[in-house]
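Heads up: the structure comes next, in structure tokens.
Order as written gives the chain letters A, B and C; numbering starts at 1 within each chain.
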């Protein structure tokens, strides 16, 4: 697959690998100039697991994951306080461009580049990073498209424009595009909210596949989706992180009353 | 809006004499001699084309660069003020730009020209006497006139580039400049092309500023430093004093040619902008 | 990878730096023009300059009074001719223009807007000056009105269209005939925007020179009514600027300052006027 080699500091064979956080958030507060959208959020996103973030609309889920690869600061008036660590290093000290190469993102609506073909869409990130070798690019594009479970559907029309695909295919194309630069982690901001149930199902299968090699964090308003794909779930409400824990625990015996109310559908 | 049609018809009727006498060769002939009653429009068509082309060559990169700065780099308030100032540049009457041209730009160009000739004299473009007036000066003034058009329209189309596309590119680890080059500009290309055509339309028909600095000599020279003449200028200079019907009709015929060219250019601009709107 | 990335960073910074320079060039040009004209013209603009007639070369103390009045007359007449046509046409387009005719009119107006002003001047020349065998203020006004119409037309259409449907429906529900609704309710609601458009168009035609050279022609004295040649500010600047006399150059600068003051004054105030109007209604 893409990143076959595990991180360098992997434990010796036979030992139990302790759960390591790829991304860690400490005391994060963020906003857009007005009242804060996030207040004192602390969260770990564990290596090669799927962490789901759930909560009602407007609770700050999207803002939280946009902070993780510093896409938050692209918006006008954005403010941010607190610490975000990637493999233990403060991301604010990293160059945002290099950070985003390691922490990719898939957006709410599929957004393939309209001026580019399917192939060029996936190759875009590679070409930016100066990969000139055409054979290598082709190989990586194929790998990414396979990983995104799209290869069989598009292999005969790689030169066709990316916007000609169906919504679900477009979103898988966007995932392939993000995978092509071989990130450490992938952030997904409600990736299925614009898709029908069948397309959603395909994306979920795909997520279960790619989490074997990289860390995933998915924002969703769909609790069933969180239950299906994630190991850990974080529940957010009105800019605060209410509770985080193993998905089973959150959905069966949450420790916070507010979480229980939300899960059982009493509001939101 | 029958006006446009009436306009064309009126010009056609009033230039009939010329067309009858010279036919299509009016467009190709390069002799313009009111005394001997021989008229050919080529020097003017050439002058208009060269000065407008030169103007676009300068104004397009600067104008688009300006728009990129306003959209991608400048903070919102700064961008608004800058845009306001640049739009005001479009409101400056052309006769005032011409005035600036005569008394400020011409001396500067005259001072710079010997240097150009010395450095780049091996190119036919930069040979000849440093008059100050000429194609180069006209092109400079025109580029200043069309700059705001290009900037304003380019800014609008760049603002219309969907945020999600730019974010997708950034999230792949692209720098902001790469995002501009790979996402924003391709997306906005038809709109910017429309802006260029509109600007071309302006530059072709611009009269006063050009008349005041182009040198008003009906000749075709390869050098940008040589004086020339444009279609609009010759009308401005000679129409009021046209001595004979032939002269008058020839001038109006030039007007008709100019009208035709600018209609085509403007229609092309509309088509480009329409293309963008349909896609959005 | 790392040196490659450093290069990308560098390109990024350099290119954005270049775009900033572009913006600086654009703005610098305007500020330089304004400053230079103020500097050159300020010395010559005084009361007598504004109220006196031009004097022959060599005599001091000439003024541009006739040109100021002439400009006002020509522009005013052009507005009277072109304004109503533009506004009514715009209302028509906004209210009834959702069909082929409307699209055609719109397209024609856009093309007319792109017609070089000198060609419009030639048109007015053949239409009025040649049959009348005389240059006249009227022909100049007609030319300027033709330039003005498409600008006002499209602008009016835009603002009339912004009037919310609910306003229209409320008035129609009262049993008022449609033409009355348009004139008494819709148009007044859109008035600030429409007026701004007319002002902007006026400031544009006030600076037009090309079509006036062979229509209004120019005049060194007070004009004798609308059917005779008349002096205008832009034309005065033009003739003074291309003349060989130093005093006249000075006058050109001073007249340029006056014209600039008027044009930019109207333009800026119209824009500032427009902003609260369009912001407040939504």
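Here, a residue touches a chain if its C-beta (ideal position, glycine included) is under 8 Å from a C-beta of that chain, and two chains touch if they have at least 3 such contacts.
Remember, predicted model here, so these are calculated numbers, not experimental data.
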Furthest chain, CA centroid comparison against subunit B: A
Innermost chain by mean C-alpha position: B
Pair of chains with maximal C-beta contact number: B-C
Inter-chain centre distance, subunit B versus subunit C - centres from mean C-alpha coordinates, in Å: 19
Centroid distance [mean C-alpha coordinates] between subunit B and subunit A, Å: 50
Approximate Å spacing (C-alpha centroids) for the pair subunit A, subunit C: 54
Per-residue multi-chain contacts in subunit B, two or more chains: 175, 178
Touching two or more other chains - residues of subunit C: 8-9
For subunit A, residues contacting two or more additional chains: 97-98, 128-129
Residues of subunit B that touch subunit C when the two form their complex: 1, 3-4, 7, 10-11, 13-14, 61-66, 68-70, 72-74, 82, 84-86, 88-89, 91-100, 102-104, 144, 147-148, 151, 175-178, 180, 198, 201, 204-208, 212, 232, 235-236, 239-240, 251-252, 255, 258-259, 262-263, 265-267, 269-270
Subunit B residues within the subunit A interface of the complex: 76, 162, 164-175, 178, 182-183, 186-187, 189, 279
Touch list for subunit C against partner subunit B, complex: 8-9, 11-12, 15-16, 18-23, 25-27, 29-31, 33, 36-37, 40, 104-105, 107-123, 125-127, 130, 135, 146, 149, 203-204, 206-210, 213-214, 217, 234-235, 237-238, 241-242, 249, 252-253, 256, 259-260, 263-264, 267-268, 271
Residues of subunit A touching subunit B in the complex: 69, 71, 74, 76, 97-98, 100-102, 104-105, 107, 109, 111, 113-115, 124-125, 128-129, 174, 177-178, 181
